[in-house]
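Given below, in the form of structure tokens, are the structures.
Note that chain A is present in both complexes that follow, paired respectively with chain B and with chain C.
Our next item is the complex of A and B:
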């Protein structure tokens, strides 16, 4: 019921779960060996910001626009024409359909 | 039991027309919701029974208006003259997938639409949408397929515009309506070509006489492009993010399955209608190219979205690419028995398994997005944050859906993607590597949603919001359960429903002979 043949190999999610559980226990054991003598509720648990005051909660939340900014900036050459294709105009949607239909009809008729 | 194929469609259709009456006579506070959920539960149970019957007895036919439901060829007739349903492993598989999604979405809608007006119209359209979807998947008649496609298109457009007080909803619905009508028109023209040539409308009857002349080639091109547009394949996908983002979340969850009905139509046309009579390598590569473009452009466009449902909509396009890739590889090697057995059938199984997996986890993800909108009042990821503090169940459901779509073990998306990677690699390693890269990018963009909407400190504007209401949690819970169950027992699912579906697509002779007999 669980061992799936995937074409070139096998996949068993139950065996994977056992393996993950074992790894988790091992990680927890290693973590439990760490230092537990820090003082809760003191300066020790506050983030170190070079003496600057800690910003408010809404200010430290990373917003969606900031995530992968670098990735998108690096691939500007790819993204600019791609986003430009998505005009949101209905006439363009129809144009893509007619163009695709013409191209595919040609390919199927010729090949 | 022999009436099951029609009952699974007729009961929701009857209830759809009964709802205005129930509303008129004031059948109780939750009467509309109750009969809708009841009829969809009936359809789901009916589909499970029908699937078992197909597994035991082979493809099932239901002839409308005949003396016997199985009388496909009346005495003296050389072609079927009546409309009929033909249910094989593939159509039963698709209808089962759609039935599960429809039931979960209907339960979710109970609380989700509590404060909306026009609920009687909503449930009528919702059930008509289900009827259109199931009809497309069960019919054995190409004109009937067009009729059900139109039913689903009209109901979809109206449901996208359900929140008519929002300009964006109306705009998305108009776009959907125009594009959907255009593609349906070209489907009808293709039907005209085939009917004019073969004097028949039945899939099996046309397939038996198929010559693949120039007229057939034009019909094939019209059908492939029109159905590719309806299932959201790049570059014909532009309408999809608009419609998916603006429709109510429960409708969007169902629209995923409705789009897959067009994908099913594409596969049915390629495998059962034209089969090896056409150049399967050429058409297979066309499907593969649609798949690769959809995977890559879908996911890269998703990465830059800032609106939660629009981001998920681009992922729906991307995931459709996996299905097109897997089944496209099977189509490309359909004429080569060795390659088909060696890896083609496995690629198809991966693609087909991904269809039901996608319907479940993408349906779940859209429902979680709806829960976020329901409570936070915005879909803008730049404004959201820290919702996990107040909405723990929704967060857990989102994690399950996101892990599944990203192909993380042990969820269902991993199993189907692994089947696609390994089998497609033998066909063309570059395609397989691209599929893996797309999976990494999928994970990246769902990390973006998770971080920006659910993680982070509790924001002051959301400190008082509550968890989603019970019916919404139940709707999401059904789909989350299926995602986890399919992930933990993939072999059971592949053996019982995926393998028969893939073999049914490949076995064109069996599909034809069930209707045409030994003629």
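Our next item is the complex of A and C:
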């Protein structure tokens, strides 16, 4: 087996894969006891929307800003200044890059 | 030897699925009693699985079938595999020398990601919103949880340099409470509190059940699942709940009864095994059942704020106290 050792941590991906493969025998047995059929092409396969008609795909498309909404809302004190820094001007980004590089150089050389 | 261990995984899988459903039934019964209801019979989860297996296994027309069908498998197998690395009483873990506590945390994440993938692959607005909420939940509790685990592992690495600090079996062999000073004791209480508060979120239980939120988004990530696919998710929920509770028992309550009664051999293993599952049940009732009965569901942003500020601060203070205990 292939044990990966990181100094303190360790794990064997092959053992995990073999273990789950053996466990999947039982899972397959349970799964195979279930029905596999359903009525294709009927109302049954429409998404459940409490009886409402399904909106167009573009209307219900979930954007990245929607995905992280709760997280960004909770940490808006951190995100708002960051978003404010994104001016879209290349010279600003180059300035941040040089500033960051100077800070890193200072830390590496002095600290 | 390793082949024998792998064969044992099949028996272990059967056991954790059985006990997962049984404890799910006890949880539902106790929760009902706490709410002045009669509640379902304790074996109701077994009836539920049998009934689900008799239902049609619908794949929605908008779904990505291979992810939609594969997600329940991944969730259940990941949940079961958490027990490959967990000691049970004085029985060492089957693959304990093949994975550490960081692996356990990652496998928990795999089970959560399987739910997210299944939700997104459903092609349903409710499921997509649920999956999005599950993602936010994951991002919220990972930081305090990682801080808590690092505190524990760091203390072990400094105290027992000859033992693997990230091995869960080390925590069972050398219970933390026997080795910390007063500051470390306080720090470990905070670390334990952090993990106990993370547990309902990791399991998607009230007050952190935003991904399913029946009254808002009609079961969210699970809304399109039915039949045998839903049965696998249902069993996975029971097994994952056990795994999280067992993890806390192994980290903070690893004591056994066999030494107290002076037993050895098979009797000792059996008594400790039974006592381990009693501890798991007790902790489950306190950290999951009581909490979900006593609290209402929080909003998405409230959860993120809660984990990133008060709870992260709690785990940081715990870490600081643990460090002070060792260095001062």
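General remarks:
Definition applied: the second predicted complex is superposed on the first by the 57 of 111 C-alpha atoms of A that agree within 3 Å, B and C clash if a C-alpha of one lies under 4 Å from a C-alpha of the other, contacts with A are read in each partner's own complex, and residues count from 1 in each chain.
In the analysis below, a residue touches a chain if its C-beta (ideal position, glycine included) is under 8 Å from a C-beta of that chain, and two chains touch if they have at least 3 such contacts.
Bear in mind the structure is a predicted one, so any value in this text is a computation, not a measurement.
Using the contact criterion defined above for the overlaid structures, shared-chain residue A:16 touches chain B and also reaches chain C. When the two complexes are overlaid on their common chain A, residue A:71 makes contact with chain B and with chain C alike. Shared-chain residue A:50: touches chain C; no touch with chain B. When the two structures are aligned on the shared chain, A:8 is found in touch with chain B and with chain C.
Look at A:62: by the touch rule set out above, it reaches both chain B and chain C.
When the two complexes are superposed on chain A, the residues of chain A that touch both chain B and chain C are 1, 3, 8-9, 11, 16, 60, 62, 67-68, 71, 75.
Of all the residues in chain B, the ones that touch chain A in their complex are 174-175, 178-179, 182-183, 186, 214, 217-218, 220-222, 224-225, 228-229, 235-236, 238-239, 241-242, 279, 282-283, 286, 297, 300-301, 303-304, 306, 343, 346-347, 350, 381-382, 384-386, 409-410, 414-415, 418-419, 422-423, 425-426, 444, 447-449, 451-452, 456-460, 487-492, 494.
Note for the complex: chain A touches chain B at residues 1-9, 11, 13-14, 16-17, 57-58, 60-65, 67-68, 71-72, 75, 78-79, 82-83, 85-86, 88, 90, 92-94, 96-97, 100-101, 104-105, 107-109, 111.
Residues of chain A touching chain C in their complex: 1, 3, 8-12, 15-16, 18-20, 22-27, 30-31, 33-39, 44-50, 55, 60, 62, 66-71, 73-75. Residue ranges on chain C touching chain A, taken from their complex, read 2, 6-7, 9-10, 12-14, 17, 49, 52-62, 73, 76-78, 80-81, 84, 94-95, 97-100, 102-103, 107, 122-129, 132-133, 135-136, 139-140, 153, 157, 164-167, 210, 218, 223-224, 227-228, 231-232, 235, 299-305, 308.
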